[in-house]
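Multiple structures are listed underneath, in C-alpha cells.
You will see chain A twice below: alongside chain B first, and alongside chain C after that.
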Partner chain A sequence: MEAIQQFLIPFLDLNLLFLVAAGTFGGIILGAIPGLSVTLCIALILSLTYSWELLDALALMLGVYFGGVFGGSRASILINMPGGPSNVATSFDGYPLAQKGEARMALTLSTIYSFVGGIIGVIVLATLAPLVASVAINFGQRDYLLLALLGLLLVGSLSKGATAKGIFAAGAGILVGLVGMDTIGGGARFTFGSLELMSGVNFIVALLGLFGMSEILFQLRTLNQKGVASFLKKTVFPPLRFILKFLPISLRVSIIGVFVGALPGAGGEIAALLGYDHAKQTVKKPNRKFGEGAYEGVIAPEAANSAAIGGALIPLLTLGIPGDAVTAIFIGALFIHGLQPGPLLMEQSGDLFWVMVGSSVLANVFLLIFGLLVVSIFIKIVTVPKQVLLPIIAVITVIGSYSINNSITDVYWMLGFGIIGFIMKINKFPVAPLVLGIILGPLIDTSFRRAYMGSDGFGDFLFGFVNTPITLILTIVFIFTMLGQTNIFTTIKGKLKKG
Partner chain B sequence: MKIKSSKTTALLFILIISLLSACGSNSSADNTGNNYPEKDIDGIIMWGEGGATDIIGRTLAPIVEKEIGSSLVMQNRAGAAGAIATQYVYDQAADGYTLLFGAENPNLYQVLDISERSYQEDFVPVSVIANSFAGIIVKEDSPYQTLEDLVNHAAENPNDLIFGTTGEGGLPNVVLAMLHNEFGTEFRTVPYDGEGPVTTALLGGEIDATTVTISAAQDYVESGDFRMLAVINDEEIEALPDVPAITDIYPEIDKYLPWGPFQAVFAHKDTPEDVLAKLTESFEVAIDTSDFRTTLENLGMEYLNISGQEAIDYIEQNRSTSAWMLYEAGETDISPEEFGIPQPE
Partner chain C sequence: MQTLKAMAPGLTMIIVGLVFLSQTFVMERASLFDPAGGSFLPALITIVMIITGVIVIIQDQVKKKAKTSMMETTAEENLENEAQHADGAEDIQMTWKQYAFIFIYFVLTILYVLSISILPFSVATCLFLIISMIYLRGVSWKTNILVSIGSVIVFYLVFTRLFHIIFP
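Let's turn to the complex of A and B:
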C-alpha cells in the first residue's frame, strides 16, 4: 500500500507534475539538437539544482532523460543527424522515410513506440529490479566482448551491398576508437606525442562530423530551393490496427533494451543497435527493405533506447552502480543531497524508488503527448529550403562539438570527420560502419584484454566461453548469427526444407 | 560539378577561418592589481561530471563566490587522467583567473610519462580541500579473512589471485607496489576504468580483491557484500571502526604514510602573491562552512583545508610515496630521481 502511495506522489503533487512535464518538453527540444547530449543537459541541471529538494531535482532530471533520448530521434529522421549516440540506428531507416515523404509517419510511429519501450523499461524496473541487477552484475568481460561482436556483425547490413567497403570503414572506425591513452596498459596509442590526442576521439564528435558536417557538404552539391523532401505525403493519424501490428517486435526489442541498459558497461547506443539488428533478423516481411525506409527500422531502435533508460536505473537504484553516463550524474545528485547511493539505498530510502518509478511513468506519458503534439512543428524542418537549413545545422555542429569538453580540438576533429565523411559519401563508402567501429572498437579491445588477463593461459581463456550459462548462450547466439549469414548455412537450410 | 566542389571548398575555408579567429582572441593577460577579482574566475575540473572532484568543485563554487565577490564558472575538461585540464590551466595567464580543481593524479604524470606538468613545478596550491583513505577489500564469501591471509597466499602462490586496478598510477596500483616491495606478493592484475567499474567487477566475482577509496566501499561493507581487510592509514578511521589500520598489521608500512587520495585547488605557479593570498583566504572560509563540511561528510572525505607550505609538503609526501613505490616495484622505468623527487624516509 505504501508503495502505491509513494508511486502516486508525482501524479498528485502539482510541483513535481510540472517539473516532469517541463523536463520532458525541454528534453525533447534539447535532445533534438545534435551535439547537445542528454549527459550534458543533465549535468547542467545538476549544477542548477544544488539547493533544490531532492525529489524536485530528480523529477526534472528524469523528464530530461526520457525526453532527451527520445528527442534525438527527431534529428535522425528529419535531417539524418542523430541527436545523440542512442539515435544512430534510428537514422538508418528514419531518414530514407523522410526522403520518401513519410516523415510524419516515421515521427508518429517512433513517438508511440518510444512510449511503449519506455513504459516496459519502467515496468521491469518496478517489478524485476533485483533479479535483473543480479544477472547484470554477473555479466563478465567475455559477455561484453560477445555483445560488442554481435553489434559489429551489423556492418554487413549497414554496408548496403558494398560489403568490402563497409568492412574497410568499420576497421578504420575501430582504429580511430583506439586513439588515445590505453586504459589497460597505460601507453599512448596513435597520439604522436600530442597531449590533446591522449584523451582519444570522442565518438559524439565523430558522429557530428560524419553524419552532420559531411551531410551538409554532400547536400551542397545539389543545392537548390527545396528541402529534404520535395513533398509530404498527406498521412492522417495511422489507424489503431496498423499501430498495433508492431507491438510484438517492440516488446521483444524492449526486453533487449532493458537488459542492455541495465549492464554497467553498455548503454542506450548499443541497445538501439542490437534492437535494430534483432528487428532486421526477425521481421520477415517489412513494408520496405531495411535501410530503405522500413517502419520496423525506426520502431525497433527507439523502443530499445527508451527501454534502456528503465534498465539503466536498475543497477543505480539497487546497487548504486551507474548503468550509463547519465545515471553516473544521478549518483552525483544523490550524494549531494545527502543520500548514499549503494546497496543500502532501497532499505534506507525506499520511498525514493517508488517516487522515481512514478516520475518515470509520468515522463513517458508526457513524452507521448508532447511527442505527438510537436510532430507538426518538427515536420516543417524537412520543407525548409536547404540554403536556410544547412548553415543553421553547420553552426549547431560546431557548438555541439565544442560543448562536450569545452575543447577547440574537438571542433577540428568534427570538421576533419566531416571532410572524411564527405569523401566517403561521394565514393559510395557507407559511413555508418565507421561510427559502429568507433563505438564498439574500444569495448571489444578492453573486454577482450581483460578477459584474457583474468584467465590462466589460452586454454582457460577459451574454456571461459562455455563455462557459465550467460556466456554459453551468448556464444551460441553469436556463432549462429555469424554462420546464419554465410552461403553454407543457407544451402543446408534449403536442403532441410526440401527433405 | 567543378563549380559545385569549389563551393564546398569555399565553405570549408570560411568555417576554418572563422574558427581560428574565434580562438585567437582569448586570454589577453592584463596585469592584475589589488582589485582582484575584476571579472569571472574559471574553475577547471580535471574529471568528468558526477565524480568526487566534480561534486566538490561545484558545491564549493557558490560559497567561494560569496566570499570573493565574483563568479566562479566551473567547466569539466576531462581526459588523459586529468592531464588535459592540467595543461590547459598551465597555458592560461598566471593572473588567478583560471583555477585547477584536481586530485592526486598529476603527482605521477612525470614518472608514468603522461605529461610534463607537475603540481610542484608548475602550480601553487590554493588549498588542499580534503583527503580520503584507501581500503583493501574482498568479497564477503572470500576465503581471506585478514590482510595477512591475503598477503601470505599471494606471496606463496604467485599469480594465483586477481587484483583489480584502475590503471597505471591509480590507488590499487600503488598499494600493490607497496605490498610487493615489502612482502613479495605477486597478483595477476586486471585494469578497469575507475572505481565504479572495479567495484562492479568485485561484486560480480571477476576479481579476488581490489583497493578503492573507503567512501566507494563503505556502503557495501555495511551491507555485507564486501569485507575490508585494512585501511591504508596509521589509525582506524571513524566511519569504519571495525577495520584495522594497515600499520596495526604491518608496522613497516608507516614510513609511506600519510598517503591517499586528496582533492585540491591550484593556481598557476607565477600567480601574483596578493592574488594568491586573496584566493587562499576565500577558499579557507568557504571550505570551513558547515554546508560544505556536510558535503564532505556525505562523500566520505576528511576535512583538511590546508594551504601554503603545509599544503605543499602534503602533496610532496604523496608524490614521493607513490612515485618511489611504483619505481621500486618495477612498474615504471623512469626513476623519480630524474625529477628530483625525494625518497620517502
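Let's turn to the complex of A and C:
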C-alpha cells in the first residue's frame, strides 16, 4: 500500500510532474541531435542540479534518460545518422523507410513501441529489484568486490576488439578514483605532492571532460558531414489493428532488452542490436526485406533499447553497481546526496525506489505524447549545423563544471580530462571504463581491504571466495568472464565447432 | 621510426603504469606488502596496466606484420580496405591539418575560460560564441550574431532562474 502511494507521488506532485515532462522533452530534443549523447546530457544535468533536492534531480535525469534514448531514433530515421549508439540498429530499416516516403510511419511506430518497451522495462524493474535486493542484503565485502570488478571487466571487454585497452582504462580509472586521502589508512595517495589533490578528483568534472569536452573536440573532425533530411508526407494515423500486429514481437525483444540492460557492462546499444537480430531471425514475413524498410526493423531495436533502461536500473538500485556510463552518473547523483546505493538503499529509502519507478512510467507516457504530437520540429533539429551546436555545448560544459563548486580550477580540470578523453578516442581507448573506474575505485579499494582485514592471513582470504554459496557463484561467473576475454576460450570454441 | 609509431599507444600505457607504480612506493602510512594497506591494491593494478601495455604492443606488431604481408599479396584489394583493421574496427585517420584545427579550437576554449575571470560572463560567452562560429566557418554573419546573443540570454535565464547558478 505504502509502495503504491510512493509510486503515485510523481503523478500527483506538480513539481515532479513538470520536471519529468521537461526532462523527457529536453531529452528527446537533445537525443535527436547526432553527436550529443545521452551520457553527456545527463552528466550536464547532474552538474547543474548539484544543489537541488534529490527527487527533483532524479526526476529530471530519468526524463532525459528515457527521452534521450528514444530521441536518437528520430535522427536515425530522418537523416540516417543515429542520435546515439542505442539507435544505430534503428537506422538499418528506419532510413530506408523514410526514403520510401514512410518517414512518418517509422516515427509513429518507433514511438509507440519505445513506449511499450519502456513500460515493460519498468515493470520488470519494479518486480525484480525488490527480489534482487533481498538476496543482495546478505552480500559481504568480497561479493561487492567481485561485482564491481565484473562490471568493470564487462565494460572493458565489450569495447570492440580492444580488451587490453579497456582493462587499462578501467585500471587507470580506479587509480584516479583513489587520488586523495586514504579513508582507511589516512595517508595521501597519488597526490603527486599537491595539497589540492588531497580531497580527490571530482568525478563530475572528470565526466564532463571525458564525455563532453572530448566529444566536442572529436566531432570537430567531421564538421561538414551533414545528413540530408527526407520529407515528411502527411499520412493518416495507422489503424489500431495494424499497430497491435507488432505487439508480440515487441514483447519478445523487450524482454531481451531488459535482461541485456541488467547485465553490468551491456546497455541499450547491444540490446538494440540483439533485438534487431531477434526480429530478423523470427519474423517470417516482413512487409519488406530487413534492411530495406521492414517495420519490425524499426520496432525491435527501439523497444529493446527502451526496455534496457529499466534493466540497467536494477543492478544500480539493488547492488549499487552501474551497468553503463549513464547509470554510473546516477550512482554519482545518489552519492552526492549522501545515499549509498546498494541493497540497503531499498530498505532504508524504499520511497526513493518507488518514486523512481513512478517517474519512469511517467517519462514513458510523456515520451508517447511528445513523440506522436511533435514531429515536424525534428526535421529542423536534426539538421542544425555542428558549427552552431558545438560552441553552445562547449559553453554549457564550462558552466556545468564551474557550477559544482563555483570554482574556475574545476573548469581547467574539466578541460584537462577533455584532452585526455580526446587522445583516448583517437587511439581507440574506450572512455566508459575509465569513468566507471573512477566511480567504483573507492568501493573496490575498501571492499578489498575490509575483506582482507576480516580474514586470517592470505590463505584464508582466498578461501573466503569459495566458502559461501553467493560468493562461490560470483567467483565462478567472474573467472568465466575473465577466461571469455582471452584467446584460449575462442580457440576451444573453434575446435569444438570443427570437431 | 615506423616501428616506434606503431608502438606508441602501448609504450604510453607502460609509461603511465610506471608513473603510477612509482607513486605507490612513496605513499605514507602504507606498506606495499600488506594487502590491507593503502598501496597494495593500487600497485597490483599498475602491474596489470603495464601488462596490458605489453599486450597492446604485441598486438600492434602482429597487426602491422599482417598488414604488410597483405600488401605484398593483394595490393589493389588492400587499397579499399585500408581503413579497416583485421578485427573490423575502423581506424581513425587524421591529418596534421585536422589536428591543428582541433588544437586551435581547444586553445580558444582555454582563452574563453581565462576571459571569464576578467570580463563579465555574458560578454565573454557572447564573444566566444561569435569567434567560434567564425572559426568553424559555414555560418552566416546574421545567424552567428543572432544565435550568439540569443543563447547568452537563454543561458542567463535558464541557469540563474532554473538551476540557481551564480555566474563568475
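Note that in this section the second predicted complex is superposed on the first by the 272 of 499 C-alpha atoms of A that agree within 3 Å, B and C clash if a C-alpha of one lies under 4 Å from a C-alpha of the other, contacts with A are read in each partner's own complex, and residues count from 1 in each chain.
Assume a contact is a pair of C-beta atoms (placed from the backbone, for glycine too) under 8 Å apart; a residue touches a chain by one contact, two chains touch by 3 or more.
Predicted, not measured: the structure shown is a model, and the values here were computed from it.
S.K.: So, A:R221: does it touch chain B (first), chain C (second), both, or neither?
M.R.: In the superposed model, A:R221 contacts both chain B and chain C.
S.K.: According to the stated criteria, A:I336 is in contact with first (chain B), second (chain C), both, or neither; which is it?
M.R.: A:I336 sits against chain B, while chain C stays out of touch.
S.K.: Should A:I444 be classified as contacting the first partner (chain B), the second (chain C), both, or neither?
M.R.: second
S.K.: Quick one: classify A:S403 as touching chain B (first), chain C (second), both or neither.
M.R.: Once the two structures are laid over each other on A, A:S403 reaches chain C alone.
S.K.: With both complexes overlaid on chain A, does A:F190 touch chain B (first), chain C (second), both or neither?
M.R.: A:F190 contacts chain C only, not chain B.
S.K.: Could you look at A:P385 and tell me whether it touches chain B, chain C, both or neither (first, second, both, neither)?
M.R.: second
S.K.: Which chain A residues contact chain B in one complex and chain C in the other?
M.R.: Shared contact residues on chain A (touching chain B in one complex, chain C in the other): 184-186, 217, 220-221, 223, 394, 398, 406, 408, 411-412, 415, 419, 422, 453.
S.K.: Name, in rising order, each residue of chain A that touches chain C in their complex.
M.R.: Per the touch definition, chain A meets chain C at residues 48-49, 51, 160-162, 164-165, 167-168, 171-172, 174-175, 178, 182, 184-190, 192, 213, 217, 220-221, 223-224, 385-388, 390-392, 394-396, 398-399, 402-403, 406, 408, 411-412, 415, 418-419, 422, 425-429, 444-445, 448-449, 452-453, 458, 461.
S.K.: State the interface residues of chain A toward chain B in the complex, per the touch definition above.
M.R.: It is residues 39, 43, 46-47, 50, 137-141, 180-181, 183-186, 195-196, 198-200, 217, 220-223, 264-265, 319-322, 328-332, 335-336, 338-345, 394, 398, 405-408, 411-412, 415, 419, 422, 446, 450, 453-454 of chain A that touch chain B.
S.K.: In the complex of these two chains, what residues of chain B are touching chain A?
M.R.: 4-5, 7-8, 11-12, 15-16, 19, 23, 48-51, 54-55, 58-59, 62, 74-81, 83-84, 87, 112, 114-115, 162, 167-169, 188-193, 196-197, 199-200, 203-207, 218-220, 222-223, 225, 294-295, 298-299
S.K.: In the complex, go through chain C and note every residue touching chain A.
M.R.: Interface residues on the chain C side: 9, 13, 16-17, 20, 23, 27-30, 35-39, 41-42, 45-46, 48-49, 52-53, 55-56, 59, 85, 87-89, 92, 94, 98, 101-102, 105-106, 109-110, 112-113, 116-117, 125, 128-129, 132-133, 136-139, 143, 147, 151, 155, 159, 163-168.
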